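You will see subunit A twice below: alongside subunit B first, and alongside subunit C after that.
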Partner chain A sequence: MLELIFFNVTNGLIIGAFYALMAIGLSLILNLSGVINFAHGGFLVIGGYLAYVLTPYLGFWGALLVAPFLTALIGFAVERLLIRRIYGRDPLYGLLLTFGLAFIIEDGTRQIWGANGLPVSVPPALMSALSSEFFFITGYRMFMVATVAVVVALLFVLLRYTRFGVRIRAGTLDLETVAALGVNVRALRSLNFAVGIFLAGLAGVLAGGQLGLEPTMGDGLLMPSFIAIIVGGVGSLTGTLIGGLLIGVASGLTAVVFPSASEAVIYIMMALVLLLRPRGLLGEEGMLT
Partner chain B sequence: MSKDLLGRPVPRRTVLKAGLAIGAVQVASPFVLQARGEEPIKIGFDDPLTGTYAAPGKNEQIGCELAVDQINAKNGILGRKIELLSEDSTSGDAGTAVQKARKLIERDNVSFLIGNVNSALSQAMAQVSNEKGVLHIVPGGHTDPITGVDCKWNVFRVCNTTRMEANAVCSLLFKTYGKKWHFITPDYAFGHTLFQGCEADLKKLGGTVTGNELTPLGTTDFSAYLIKARAANPDVLLVLVQGNDMVNCLKQISQFGIEKQIHVAGTQQELESVEAMPPEARVGVWMFEWYWKQAAGTPSLDRFIADIRKRTGGKVPTARNWFGYVTIHAYALACEKAKSIEAKAVAKALADMELPPEIKLQPNKVYFRGGDHQLMLSAFVGELLHQGDGDPENLFKVNSIVAGDAIAPSVAETGCKMQMPA
Partner chain C sequence: MTAERQKHLAVLVAIWGALVFAPYWMPLFGGYTALGSRVLVLGLGAMAVNFLLGFTGVLSFGHAAWFGLGAYACGLTLKFVASSTPLGLVAGTLVGGVAGGLLGALLVRRRGIYFAMVTIAFGQVFYYIAFQWLSVTGGDDGLRGFARQPLDFKLFRIDLLHNDVYFYYFVLVCFALAVGIMAFILRSPFGRTMIAIRENERRARFLGIQIELHIWIAFTLSCFFMAFAGALYALVNNFADPRMLHYSLSGDFIIMAVMGGMRTFWGPLLGAIVFVVLQDYLSSVTVNWMSFIGILIVLIVLFFPRGVLGLLRQRRTA
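Right, the complex of A and B next:
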């Protein structure tokens, strides 16, 4: 039993790292633009399929590097053409727009690549398990966690030590003042949106290798990411990271004792956080008002 | 002046024009229909076109469309053309499936309803079709009660029952692999009855169940369940989940190398899922409900394969294509036999009707059993192939084709008490 619990905590951390990658992208966009991006799962799918198209030309590693950038480029264009029109409006507009976008992306993917799933093979070097004891820790999953760790570290450095990052953080707290100080807020929001979508694209490439590709693959990954934000606290990227890891471990542990509740448990966690500490674990009060 | 969603003013004239256009369409359309001569027979197709089961749903639709075109090319049913009206039932929302079924029956006046891939949605739709007295064929929802305890005079089923699927492979798995079994089961009607069938068969054979992991439909990560399953140390791990869940589960099994320690197998397997898996994940003993690669000389098989390829961008037909194809052709044959499209007469004609060779496309006798309205179709039992065996499209080695009535429980055992209306 103890071994089972230990296995599931480790396994939960691996899954949680992936949720965190999605959630941080969502969180970046929500913080600066005030848009709850329901199309985030859609951009994940775009990233995955782009990598699938690029792999024959660039190989797995090349696609892993290029596909997220292309996804970010698409995200940038979408922000310029659509998203920016709803800034400052009732959040409902943003929800409707991104919800519609999510449907368009899902059906577009289905039109182009078909409703049937597509297999993605990962490099043989990453295929095998670490040991027969720790069979669930495969090379690929280790690689995913490492990628997430590196990207999150880079992101924190970007936000902490670059002018662009400082402006994003300042804008999160008080956009009007930042604008009054002469920062081009429109460009800042576009770039920030693209960075968020880059993370979604990267998550898509990584998920493709783990699960294969399929037009609805973003749906199942989107809700846990939202919950990670709420549990961790809106406005805090560290909180989002912790939130992602927490819900991964919680659903892993529940699977040991009561498997059919392993999905419900993350919603129960969200309900508890909303009841006991509405701002989330590390969130600032009143971020979403 | 009213405003559009983005806050821009909409000119009054635009609104008026739009209103006029809508009005004109409503008045004009009946004339267009009448101009075509006698009204076509309308068939309602209410199946998943989005979500987890979009691929099988779409393939059933392609099979239906092929049959509709073939029948219309031969002057339709009783001299009337047929028209297929398709609706997206979603993959798991019974409310939407029921609403679409009501729309097809009440607004479009369809004489025949088709659906659904999802067992739970099939059951919900059967309630509606029965209430409205419309003939209904379930092409691909497997849970037992549809042609068992909940059987209805107007409802027929083409695909297997979950009990037939269990019976097709359980004794073989027991003999070849061992007696301690662990299950990964989808947590809804289909999974529940499939597990019960396997469990009953296993107990009869003298084996034990080491555990049953109930997983929600749409699960992407199976690692927690697999960790638990391996800790239970069974002889066989049976994967009962379907669609994308099957792809994800088998993919993770092969990544973890579990198939090297425990035998991995299952009951129902589908070409849609196998095609979506990387080669290394294609392992184990399974049953297909129909498979395209058969002994040479199966009548009309080659033509069916060629016809489907034309509609799928060159892909070989799947069992789902065949389900759709059989559903429409069976209905047409029954109407011709009854010389009517009235639901009760067609239902009577369908009961005990045997499918001709150009429709059944397989050996063994294939017929709708009168007692429970279940099609007695063969089970194709065999093993998945990593890579195509001499043919990259052939991903399954068929070891035996078992007749449907050899694996189906008797009508009495299904619990069906068929009652025709007065």
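Right, the complex of A and C next:
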């Protein structure tokens, strides 16, 4: 029993790290652009398929480094061409625009790479189990968690100590004042959007290595990411990170007792948070409400 | 009678005339009666979404949940409880509406984009339940094994199942009933208050209007209309499946409302006609219909955010 719990908690942490990676990207975009990016799962898919294309030339490691950057570049272009046109308008239009984009991306990937699953080949060194006792902790899963941890840590350093990061945080609180202080807010939003999409692309590469690629693989990850943001509190990236890990572990633990409810438990958590602490764990009152 | 009123009456006569005679003129344009029933039902769904979005200014992106709940409740009633079409409709409407009202009480304090996000997430709960609860809902395969029953009026009975035209008129009567109630609410003092909240929430609050209560009532009413449309949809298809609860259907309803004109009463119906017919046509000619719909959505958002009727109205006042 103890081992089963350990297994599921570890599993939950791994999945949670993944939710957090997605949710932090979404959260960055939501905070600065005021857009819920429905196409976030689509960008994850793009990242995964780009890795699939690049692996034969660059190997897994090369693809892992390059694919997220290319995805971010696409995201940057999309922001410049489409997303920025709806800034300042009713949130409805941002939702609809990215909703339409998600349709186009899903259909496009299916058109190019087909509806059937494709594998991302992972170096054999990462695939073996670390020990016979804890067979479920493969090297790849540890590697995934480590990558997420490093990237999230780097992001927080970026936000804390660089001028770019300070501007993003300031813009989250009061974009108008930031603009009045002479910061080019348009460029800031574009770059910030690209950073969010970079995280989605990275998540796509990592997920592709674990589960393989499918045009619809982003769908199942989008909702947990929303919930991670709501549970953690809108406006707080730390909250989003904690929210992601928390719902991952919660669904892992539920899987021990009542497997078919492991999906439902994250919604129950969201309902509880909304009832008891509507702004979320670390959210600030009055943000985006 | 003023000219304004006369014009209004003429428009109403034209709309209802077109709907009543649809089974006769649609085939001329390659339409078929079942498509007409589907357009009416989805149009009612879009009008129900718009009741909240266009007239209260509250964006729910999870309304498909109440639509689907209505559909499942109607189907399950027909399958297990009693083989009566009206009873199925009543059960569907009640289940979806009450569930929406209960959840709505939890959500009404949220606003704007946050409200949209929370409604999407809660809507998905019902999608997962329908997807996973195999023994009751049939899971991914959907709920089968029920069919609309004939209407029995002692003296005569109307066969809804085998005669598409009878069924179309049945749907039209239901549609008229729901739309009539909707119009009545919007003309009442309550409906005027909804519009006041949309226009300026803070001012409405200063006037002593209980904003949360009004939004909750509007939300709940909209859920009831939505569930009624969903129950009808189960009858249209003799089938219910989890995709009827998915947020992408919520998105479709909102697109219909926006495309037709979301500040107008009839806009969503017009949007539904265009959207459903286009989707029906595209999916029959190309496998890439999703891309076309996606591009259409992007174009509408960028260039026609007011929708067809909104554009017409703007031109008239300008």
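The definition used in the following text is that the second predicted complex is superposed on the first by the 288 of 289 C-alpha atoms of A that agree within 3 Å, B and C clash if a C-alpha of one lies under 4 Å from a C-alpha of the other, contacts with A are read in each partner's own complex, and residues count from 1 in each chain.
Just so it is clear, a contact is a pair of C-beta atoms (placed from the backbone, for glycine too) under 8 Å apart; a residue touches a chain by one contact, two chains touch by 3 or more.
Everything numeric in this text was worked out from a predicted model, so none of it was measured.
Asker: Which partner does A:Ile230 contact after superposing on A: first (subunit B), second (subunit C), both, neither?
Answerer: second
Asker: Quick check on the superposed pair: does A:Leu158 touch subunit B, subunit C, both, or neither? Answer first, second, both or neither.
Answerer: Touch status of A:Leu158: no partner.
Asker: When the two structures are overlaid on chain A, which partner does A:Leu221 contact: first (subunit B), second (subunit C), both, or neither?
Answerer: A:Leu221 sits against subunit B, while subunit C stays out of touch.
Asker: Which partner does A:Glu263 reach: the first (subunit B), the second (subunit C), both, or neither?
Answerer: Both partners, subunit B and subunit C.
Asker: With the two structures laid over each other on chain A, which partner does A:Arg85 touch: subunit B (first), subunit C (second), both, or neither?
Answerer: So A:Arg85 meets both subunit B and subunit C here.
Asker: First (subunit B), second (subunit C), both or neither: which does A:Gly108 touch?
Answerer: second
Asker: Identify the partner contact of A:Ile36: answer first if only subunit B is touched, second if only subunit C is, both if each is, neither if none is.
Answerer: The second partner, subunit C, only.
Asker: Determine, under the contact definition given at the top, whether A:Val185 touches first (subunit B), second (subunit C), both, or neither.
Answerer: neither
Asker: List the residues of subunit A that touch subunit B in one complex and subunit C in the other.
Answerer: On subunit A, the overlap between the subunit B and subunit C contacts is residues 85, 93, 96, 106-107, 260, 263.
Asker: Any idea which subunit C residues touch subunit A in the complex?
Answerer: Checking each residue of subunit C against subunit A gives 53, 59, 61, 106-107, 109-114, 116-118, 120-122, 124-125, 128-129, 132, 248, 251, 254-255, 258, 288, 290-291, 293-298, 300-302, 305.
Asker: Which stretch or stretches of subunit B touch subunit A in the complex?
Answerer: Interface residues on subunit B, with respect to subunit A: 5-6, 49-52, 54-55, 57-58, 187, 213-216, 218-221, 223-228, 230-231, 244, 247-248, 251-252, 255-258, 261, 272-273, 275-281, 313.
Asker: Show which residues of subunit A lie in contact with subunit B when the two form their complex.
Answerer: Interface residues on the subunit A side: 3-4, 7-8, 11-12, 14-15, 85, 93, 96, 106-107, 110, 114-121, 127-129, 132, 135-136, 138, 140-141, 210-212, 214-217, 219-221, 251-252, 255-256, 259-260, 262-263.
Asker: Under the stated contact criterion, what part of subunit A meets subunit C in this complex?
Answerer: 30, 34, 36, 38, 82, 85-86, 89-97, 99-104, 106-108, 111, 223, 226-227, 229-230, 234, 260, 263-264, 267, 270-271, 274-275, 278, 288-289
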